[in-house]
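Chain naming follows the written order as A, B and C, and within any one chain the residues start at number 1.
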Amino acid sequence: MIQIIRSRRAMFLRWEWLLVVLIVAVALINTRLSPFFLNSNNLLRTTSDFMELGIMMLPMVFIIVTGNIDLSIASTLGLSASLMGWLFMGGWDIWLAAGIALLVSVLAGLLNGVLIARLKLPALVVTLGTLSFYRGLAYALLGDQAARGYPDSFTFLGQGTLGTTRIPFALLLFAVLALIFGLVLHKTTFGRYLYAIGNNEPACHYSGVPVERIKISIFVLSSMMAALAGFILAARFGSTRPDIGTGLELTVITVTVLGGVSIFGGSGTLVGAILALLLVGILRFGMGLVNLQGQVQDIVIGLLLILSILLPRIAGRLSAGVSWRKQTILKTALAVTVALLFGLFFFWSRALILTQ
Amino acid sequence: MSAPQPVLQVQHVSKSFGGVHALRDVHFEIMPGEVHAILGENGAGKSTLIKIMTGVHQPDAGELFLEGQPMRFANTRAAQEHGIAAIYQEPSLFPDLDIAENILVGRQPISRGAIDWKRMYQEASALLQRLGLALDPRTKARELSVAQQQVVEIARALSINAKVLIMDEPTSSLTQHEVADLFAIVRQLRAAGTAIIFISHRLDELFALADRVTILRDGSYVGTRVMTDVTTDGLIRMMVGRSLDELFPKQAVPIGSVVLEVAGLGVEGSFADVSFELHRGEILGMAGLIGAGRTDVARALFGIEPATAGTITLDGKVVAIKRPDTAMALGIGYVPEDRKEHGLVLAMSIADNITLPIVASFAKLGWLDTQRELAAATASATQLEVKMSHVEQQAGELSGGNQQKVVLAKWLGAHPRVLILDEPTRGIDVGTKAAVHALMSSLAAQGMAILMISSELPEILGMSDRILVMREGRLTGHFSRAEATQEKLMAAATSA
Amino acid sequence: MIAETQTPARPQRRLVQAFVKFREIGIIVFIVVLAALVSLRNPAFLTAANFQDIVLNISILVIVALAQTMVIITRGIDLSVGSMIGLTAMMVAYLVVAFPGMPPILAIPLGMLLGAALGSLNGLIIAGGGVPPIIATLGMLSIYRGLIFFYSQGKWINAFEMPPSFRQLAKGAPLGVPNLILFAIIVALGVYYFLRYSRTGRDIYAVGSNPDAARFAGIPMQRMIFRVYLISGILCGLAGVLWASRFEAAQTNTALGFELQTVAASVVGGVNIFGGSGSVLGVILGAFLLGIINNALTLVQISPFWQLAAQGLLILLAVIVDSTILRRLQRITSRKSRT
């Protein structure tokens, strides 16, 4: 019996091991590409690019595990940072402004949570609506100004390091939060409830699990973490424009799913999500080292996301039986042909233009 | 004139799934214009046989003959094209499409290259009229009742000129009235020459409708009989291998004080004015047809859909139950009707399922003591003799009977003073059924109060100390164990 | 007989039908009220020129929202539409600039072909590969957007580089009405006809309404789902060409975030996010409402920054209203079957 449990746990961790292998592989490649990679200062410095992502990713794991989604996090980030900036420019103390912005983020999360948990509206559409709504409010507050001139005590959040080390404060903050979220997800009743809800919500209802309360709380948590990420981002830039953080929700969701958290809910680990964050981090770092621009890096990340789900499925089907195998090969061939033809035209036309 | 040929024949058919034999050398045949019932316990192989006839599965051995020609259906489409149609317990229509489209999906009439909606509605109307359903074919399927949806499915079968219509437990969600209507349609189809395979475990229905019956047990063919030549007891013996009485081991238990008192309970739109008492050590049976409102009463007591009128009193104290966790805290447990959807989280382990309602009790400040939890779950599962490889196995891998045991283990762990069981032995093999009944008796002996909802009259009569009957949202009968008979219960369940 | 149990259905069915029609009428009423309020503040609102302006502004949205609607009906979603528009716009614009002799009308089939390639990749990954639509199109969103940058090396194409004949593609009005609007009308009619009068179109509804029953009925699921994403790609290709023509530019951030607007137009238009239902008229009205709000805010001199907030509120409102109507519907029908 112990053997069976052990092998189950081994399977359970398989995705995470794959991520570790990929991380090591990318790290090795990066080291060969550039001597600057294995420099602890550089590494620590690049982590600061990802801490906001990481902080927002932690509650996203909770939300996706329950089978929901929160597309509004980047907008809540923008709203909180903009509100704080707006109040600050109006003369308020920065910390008071941040406190109020945090409070507003709680309200934002409550709106999401109540609409989704109590009115039972689909999370995708609700958070799509609040994505526009909250971002719109951010724009309405700051317009085309930027809030700037934050005091050093505040910018420490995003730019400061601990004592004489080069460890960014944001990294430490993320590490602590990650530990807390991880323990909650994997070692507490709350975490158990999350997995149960993601697997079969009606059965949870029938078993006395306080489903509504739990769902509302994870959306509030998500908005609060988004606000926190907003403060750190604003502190890092030293200024705030209302479009701050636009599009980050997509990366957060990408990293979470890449981390093995099923979009359908009910499975996935926080460790996996953190590993995925690490993978994406050093991948981007490496790509930056070879001067690949940001948007081109996005191609790699997008491919990684799709392949991470596609390849295991194809592998599974190839070994499932002759008819499956034939179909799979056919479809793959078709996809590759289309991609090739498109690619040929892409490069041909581009070359044509560049020589003009 | 030669003897008429069977329209569908199944010979020496066997099928296994992963080493488990679902069917072993089974025979079946049906003549045109015949209603032929298939009878058997859950797990006897009925649904596998149906799936082979409708092209969902291919037999491992044996052959099918359609009007004398050997046949192999590669998929459901092929079976349909050859005139084999099936309707199931839960109608499977397209809720957003209208009746006409549901009937003619994929075969909409075309004129001048475009779908001819006018003709489609005409064809649909004609079919509906033939079946006595005078509905506007423009009605969306989601607005129909279950009975009406089934008629639409039959209309669909007619529109493909089905030679064989398979009806798998079609009456379990219908009221008495609707069942009568359905039977009229079946008789009409029979007169027109359609062969109808009818699967039901309600023996009274078989006696009313079927011409012949084939019995399966444990995947094997037991026999085929003409309905007029058999008795209920005879059928049961063929199905089960034992006679009726052995199935309900009810002990006599001293009845204690009143623990639950319900007065004037009602949920708007579902039921009204329900009042009864439940004593410690008592098993109170709730009989009635599907839709009578019994499950709604249970859900009101458990807080899933709280009562809008009346009072609930537990051990003398009036309580308001608006949510399931309140009900649980008050000591009420509910084993729901739908085991897979509401009773268990199939993807989680047996242990996690057993501890779900009380998982907080294994935690200090939220931190789970998984060792203690696992021990408790293992003890519970062993006590109920759940057949599993180990307690961390996925609940979804267990058989129906063992899954029900896990659900029971779950609620026993919560130590309720009132346990509501909703169709506790539905879809369970005979052996586990007896075990569940024995468990119920021993729980009652230990002082638990049990409210048992069941649609199986023999179970109600065999296990209950007292019996309540509901009909269309009201209590229509109250009987003691001694005075209750099947006829009295049926009467209270069906007529005013 | 069964007719008896059906009698309660009649008045309730009329109620329900009223609710469904009400949905589109509801939007129309909303639009009329809004229009009245705005024209009180600024009479310039109710002019033909302004009306044409609104319709012009939503033409591309209508085209792409109809594609998005078909995808949503099948229980999917296409988050890559913005990127597909941007990529086809950029590629076509470059080619038009590189070959000024090419008749600009060729740009249309070219764009649609490119879009078809992109859409078919989506379709293969989702229908063939079984990747959930939200993930697949999320990934493709990044990939296609990245390809725009890679293609153009970050450079943009501006108005003065484009041959005037290309610019006329969308803005020219040989028939009195700007071509862009005509394109939108043609697409709308085409989609309407497709969804209502072709078996494939009806299959789309079936697939979304009950996938298991659809499979059982022999509808080729994978092919169907592939088709809707292919169509989405083709319409995005068309939209890309029209976008480049209309705005006389192709930029790396062309149509960035546009997918949200298409989902908004669909949801406001009554398309059920769970699949199975949605009407062409509803989507057009939804897009129209969004267009009016944008237009109105400018005319009433409310900062355009409130547009985004207004769009968000509309989505929330639409979804709340839909769910309360649906909930009432369910209570009516469940009460019936309970007897």
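Note that in this section a residue touches a chain if its C-beta (ideal position, glycine included) is under 8 Å from a C-beta of that chain, and two chains touch if they have at least 3 such contacts.
Only a predicted model underlies this, so the values are computations on that prediction, with no experimental measurement involved.
Visitor: Taking CA centroids for every chain, report which one is farthest away from chain A.
Guide: B
Visitor: Could you tell me between which two chains the number of C-beta pairs in contact is largest?
Guide: Top-ranked chain pair by contact count is A-C.
Visitor: If you average the CA atoms of chain B and of chain C, how many Å lie between those two points?
Guide: 43
Visitor: Between chain A and chain C, what's the gap in Å when you average each chain's C-alpha atoms?
Guide: 28
Visitor: In the complex, go through chain B and note every residue touching chain A.
Guide: Against chain A, chain B makes touches at 302, 304, 323-325, 327-328, 334, 336, 341-348, 352, 356-357, 359-360, 362-363, 366-368, 389-390, 392, 410.
Visitor: Give every residue of chain C touching chain A within the complex, in rising order.
Guide: 77, 91, 94-95, 97-98, 114, 117-118, 120-121, 124-125, 128-132, 134-136, 138-143, 145-151, 154, 252, 257, 260, 263-264, 267, 273-274, 303, 305-316, 319-320, 323
Visitor: With touch defined as at the start, can you tell me which chain A residues reach chain B in the complex?
Guide: The touching residues are 1, 4-5, 8, 184, 187-190, 192-193, 195-196, 199-200, 202-210, 266-267.
Visitor: For the complex, give me every residue of chain A touching chain C.
Guide: 69, 115, 119-122, 124-126, 128-137, 139-140, 143, 242, 246-247, 250, 253-254, 257, 263-264, 293, 295-299, 301-303, 305-306, 309-310, 313-314, 331, 334-335, 338-339, 341-342, 345-346, 349-350, 352-353, 356
Visitor: Using the touch rule from the top, collect the residues of chain C that touch chain B in their complex.
Guide: 1-6, 9, 12-13, 16, 193, 196-199, 202-203, 205-206, 208-210, 212-214, 216-219, 272, 276-277, 329, 331-333, 335-339
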